[in-house]
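In the part that follows, the structures are each spelled out as structure tokens.
You will see two complexes here that share subunit A, one where it goes with subunit B and one where it goes with subunit C.
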Partner chain A sequence: MTQSFPNHPPAQQLPGAATELLAPARLQPPSWMPQHRALRQNPAAWVGASILVLVVALSLAAPWLAGVDPLATAPAAQLMPPSLSHPAGTDLLGRDVWSRLLWGGRLSLGAGLFATTLAVLPGTLLGLVAGYAGGRLDMILMRVVDVLLAFPSLLLALTIVALLGPGLVSATLAVGLAGIPRFARVVRGGVLAVRSEPFVEAARVVGCRPQRIVLRHVAPNVLSAIIVLGSLELGYALLSIGALSFLGLGTQPPTPEWGIMLAEGRLLLRHAPWVSAFPGLAITLSVLAVNLLGDALRDALDVRTAG
Partner chain B sequence: MFLFGIRRLLTALVALWGMATVVFLLLRVLPGDPAETLLAGSGASPEAIALTRQQMGLDDPLPVQYGRYLLSTARGDLGRSLFSNRPVTLAIAEQLPATLHLAMAAWLVMAVVGIGLGILAALRAGSWVDRLTMGGAVLGVSVPIFWSGLLLISIFSVGLNWLPATGAGSWRHLVMPAIVLGLVGAGPLARLVRSSLLDVLHADYITVARGKGLPSRIIITRHAVRNAMIPAINLMGLQAGFLLAGTVVTETVFARPGLGRVMVDAILWKDLPVVQGVVLLIAATYIAINLLVDLTIMVIDPRSRQT
Partner chain C sequence: MKKMWGLFVLSLVCVQIIVTGCAPAARSPSASTPGTDTTRHGGKLVYGLTLAPSGIDPHVNASSELGIPLTSVYDNLVYRALDAETDTDQQFVPGLAQSWEVSDDGLAYTFRLRHGVTFHDGTTFNANAVRINIERVMNPDTRSQKAVFLLGPFESVEVLDEYTVTIHLSAPYAPLLDGLAQVYLGMASPAALTEWGMDYQFHQVGTGPFKFVDYVPNDHLTLVRNERYQWGPVLYDHAGPAYLDEIEFRFFTDPAGRALALEAGDTDVMGELPPLDAAQLERDVDFVVLPVPVPGQSLGLMLNSQRPPLDDSRVRQALLLATDRPAIVKAIFGEQSPVAYGPLTAITFGYDPSSANSYAYEPSRARALLDEAGWTDSDGDGIRDRDGQPLTLDAVLMTWGSVPEVAQLLQSQWAEVGVTLQAQTLTYPAALEAARQGKYHLIPQNYSGSDPDLLWSYYHSGVPFNWSQVSDSHLDEVLDRARSLPQPDQRSRAYADAQQRIMELALLVPIRDPVNLNAASGRVQGLRFDAHGWFPLLHDVYFEQVE
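Coming up: the complex of A and B.
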């Protein structure tokens, strides 16, 4: 993109007084930079970030920390309470819950992250296109988005799973796809707010191509909204994928994943509460961490997520 | 006002039509063949499958199928289950009451807890009550229903033996599921009530009311809370969709009969007419609730009639 105008300074860097009028927004650092201090001073952000780092690190270190194969059954070691050799106890098949928890974290967190990406990228692209192009394309896209938003999100995900058949991949796809309309809506709103700003018009006047205007001038200004909404979406995706697995529509046994581990522990509440307690705690802590971070980002970046 | 109501009603009808279309398109792009699913395992010959396809109208062009689908759906005919061959409406009607009881009880829990704590937090803004409530709100949306439900069962059924863990039939069966589902919705509601009440409390007319020497109690109940409730009512309508979809998970946790169980089984068995019926019903209920919410707001807030 940059190479197409080798000797042409970008519009927002034109020297002289005109710049002040034309491009106030881009003379400063991007809108999500200066509030770093607010974020650093927010204790909730620290708590969230610490938990998240811990959970991710534990999952990544599964091969070294798990000790035992998460799939290895041991009939002699059924439903053993937490002990030194099994820090989180064992389940009905004698499998080590700690090992399943760590390996399960890779799948749960990975699937959540993938679903979020799947919602963010196409959703952002659609929102940018609709918002910047306007006119009939915008109208058609937004009508479709509105209809999709009329479905409760989990219901839409369930419908997509019905289409694709049960499994972790389809559950992840379903949760991701169901999130696209939300991003398209919010990003389009952000684009509409900046598309008639002087710095965008200036870029148009100096002859920037539409792709460059959208990517270099419009997109950075909706970035903070995407970051905030994306972090909250990650929490939502973790919960939804866990719920689908719990319902038997996501991960299939014997694969370790937090949602299905909870489902397996459901009938053991009386005799072996640890089988469901640890995966439940793992999901809750992860989602809590992401939500605390998302809320702190929202406050720091001053983004309105409602509406 | 009358015109506005009519226009809002038309929007709802368009939304219904769009929703029915999305469901049709989603379920018709399915790679599988309903006729084969229906006869799977019965050793039916390819000819028999072809005949069934013809009888089910699957050989007709898509627009013809779409027209027939819209007509029959509008008449309330949702087709027959691929497995039991019973009308889908009958299967739904049997299970609907249990789900509605749950959704309504959860909605009540959400409204009472969300509004109550929101008002409390706003009136004591900055205090420990406020911080505790807002912390609880984040925790509330972070705990998966399928774990908080199990926790309540461990405590109140397994431990204290106060409430039945599973099943339906009496109010005692409804307590835990309604609390679990309702509290998830209460978090965002409490936050919204708090922030909108804080906004209102700083408005000029509250200062005027104070200046007139009105007692605090009157100012808060007559002036502040009433105006702060409008965004809350809006959110409660939107949350109704979440609660309806959430019944699917809640019913599984507490092994309650209801639409959720019907839906999950239908997805597992690829019984698409049933999936379609449940999705249509829940989405239509959601649209109807939000129509009611908008009309309610129109009645209590004259400003909304002008837009």
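Coming up: the complex of A and C.
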């Protein structure tokens, strides 16, 4: 008779716990705000952000900074080394590499950003639905994601390009679509971790509708993971789109884009290294910048290292 | 790209191989050293191949690459002479056939075979062996991709006696000897063909100066000297067995790495070098560059004459006049490459030099023709239009032959006269499909072949590789007639007519005559190439003796 059920917490503790857990929104959601200081103090973040701002600014300013038409060929002026009139030299067809680099940046960075968005939005949505709904729906969605994850994502992108036909649009779509499973998987993991937290259960108890719970209470808690993964995805997308263009499956000649510029210079490497060195450098710096920033964001957003 | 060149070519004929400006002739006391020179014997040559063929059975597969090693494994009934003046001299010289006669109606070719020839496996070469080889090629189960086309309207092969054999045709077919002179109709040992069946490509047995040892796809192919070889054709500089002990062929599929491999000593000979790399090697005293002009089609973009607006010949002619070919060739292919003026390269038998006068770079005439055809820039955007439609052309490109670079210069040059060119680079199968459906205005084509009858395969109405989609009764008549004419000079005239008609109709934008840029270490002596341009005569190659 006097025996209590050990698994039940003492009754008098419940009211306190409930009040505390009913206000989780202030405890958790804008989790990336307070850590701003950590971000600002991280030199890697500064380096990454500076490079990125520079590269983006240069690309946006292409019409004013490029000087000459990136498509204007001049066979007589082919393969000229960097000089005052051609800051990055000229390529086999006599086109100005500097101009192509700037205009190419618009396409490369733009396509990378677009592909990342394409991976993040549907991936996040799938992960939220699967993680929160659970059960059979989760099972089905995640098995599909598992199958897709079993393929290296560049291979997946290659397959998609093969179906869509070559071109920058299909390469961007392909890289974006190929990134969806990663987001779905990570977001679902984050949702599972939060789903049974008391504040979510509390929200459910007070009668919130599922959409509201997912968007207001669950999603903010996986936001940091999405931001970190998204920044890494951007670097990956830049590389992959460049790789597809390099292979001739992305941008078509004569459009300037870093990947295809790299490919155009490959046979000239011993004779005119600048033709591929500059686009190579542009890709490397951009990916490096994005990854440095992503790393810093992770440090700043991760509760365990936020200190 | 080599694969392309090889595919489905029904032809052959002559060529003067011009091994320009390089060493073998100058350095080696070349010319017929009677018998053998023992100081030249020995050594192992490493030879760089540039493409890994999908199969190397010459009777079955079509790749040009397979001929580079296998030309030394097989002998042919006849050989195309290296230096025949096209119309007058004898175009073919004896090989395994000592002599041959063609019947007056052109339907029967009778070959008297050389006695005392043995295959590498010790079996005897005779008329029955010839019959078995030809029947193997003709057998549908062999699925021959090229050799079967070289035999043209073949009807039967008849063994008259131990050393006499006749090939019967159902229609006169002048390119037959050219086909028999190619490695794809090399004579293989019937015993080996029977023993290995579908695996024969890994166990090839011929009568040539080198014996096939082993082949590991994408890795290497090894040959060793045939010590019994005494029946070489007059093409070879010396009689008796070859000089080299062994030849190992290795694959260097990446163009960017070829010159490096040669410089690093990974190979003694390398084919298909990029032009800038060849130019650099030319300045290096340790290497010799051997540019070999390739007979056959010039590298060109076929104009789809059925698809508007290219169905108007004035528009096609305007495109040719708006093309500064010398500037394109110089920028992309360098000094070693001749500019092309017609559908055939200048060293191909039957080439018509008069086509060199047509379509010089004259943008003003191009503009006038486009105006005349109703294409004017009515909205002032720099692009011509007619009935509200801009003058925009679609090109289907492939990655071989620097075609994308050529197309980009065309884009610039044609933009000058108000024509927009849109390009899409496709893989070979995808491009073939686009070609089949006719979904292009321009598409590149470049097949090699030593007989001008190849024009039949690309410009006769209704044939699958007629990518200019031409259907012209005059052209059909000339091409049909030319392949049945017995005399080389008659054929030559007929093909000149055909080439003039092709250029009059402006069916292609010719760009350049392909030149295979080979290079070799300075130690390699006596390297020459046969009349087809791709295949080395390795029997005469030796290493310079280092004292």
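Please note the rule applied: the second predicted complex is superposed on the first by the 277 of 307 C-alpha atoms of A that agree within 3 Å, B and C clash if a C-alpha of one lies under 4 Å from a C-alpha of the other, contacts with A are read in each partner's own complex, and residues count from 1 in each chain.
Rule of thumb we're sticking to: contacts are C-beta pairs under 8 Å (C-beta built on N, C-alpha and C of every residue); 3 or more make two chains touch, one makes a residue touch a chain.
The model shown is predicted, which means the values in this text are computed figures rather than measured ones.
Asks: Looking at A:Arg266 after the superposition, I want to know if it touches subunit B, subunit C, both of them or none. Which is it: first, second, both, neither?
Replies: It touches subunit B and subunit C both.
Asks: In the overlaid three-chain picture, which partner chain does A:Gly110 touch, first (subunit B) or second (subunit C), both, or neither?
Replies: neither
Asks: What is the contact status of A:Pro87 with respect to subunit B (first) and subunit C (second): first, second, both, or neither?
Replies: Neither: A:Pro87 stays clear of subunit B and subunit C.
Asks: Is subunit A touched at more residues by subunit B or by subunit C?
Replies: Touching more residues of subunit A than the other partner does is B.
Asks: According to the stated criteria, A:Asp295 is in contact with first (subunit B), second (subunit C), both, or neither; which is it?
Replies: In the superposition, A:Asp295 touches subunit B alone.
Asks: Tell me the contact category for A:Leu154 with respect to subunit B and subunit C: first, second, both or neither.
Replies: first
Asks: Quick check on the superposed pair: does A:Ala243 touch subunit B, subunit C, both, or neither? Answer first, second, both or neither.
Replies: Touch partner of A:Ala243: subunit B, not subunit C.
Asks: If we overlay the two complexes on their shared chain A, which of subunit B and subunit C does A:Pro166 touch? Say first, second, both or neither.
Replies: So A:Pro166 meets both subunit B and subunit C here.
Asks: Jot down the residues of subunit A that show up as touching in both complexes, subunit B in one and subunit C in the other.
Replies: Of subunit A, residues 165-166, 248, 266, 269-270 contact subunit B in one complex and subunit C in the other.
Asks: Quick one: which bits of subunit C touch subunit A in the complex? Just the residue numbers, please.
Replies: Its residues touching subunit A are 255-256, 259, 274, 276-277, 280, 327-328, 330-332, 397, 399, 404-405, 407-409, 411-412, 423-426.
Asks: Where on subunit B is subunit A touching in the complex?
Replies: 15, 18-19, 21-23, 26-27, 29-30, 138-139, 141-147, 150-151, 153-154, 158, 192, 241-242, 244-246, 248-249, 252-253, 263-264, 266-268, 270, 272, 275, 279, 282-283, 286-287
Asks: Which subunit A residues qualify as touching subunit B in the complex?
Replies: My answer: residues 143, 146-148, 150-155, 158-163, 165-166, 235, 239, 242-243, 246-249, 259, 262-263, 265-266, 269-270, 273, 276, 279-280, 283-284, 287-288, 291-292, 295, 306.
Asks: Contact residues on subunit A for subunit C in the complex?
Replies: Its residues touching subunit C are 71-73, 75-76, 78, 92-94, 165-167, 248, 252-254, 266-271.
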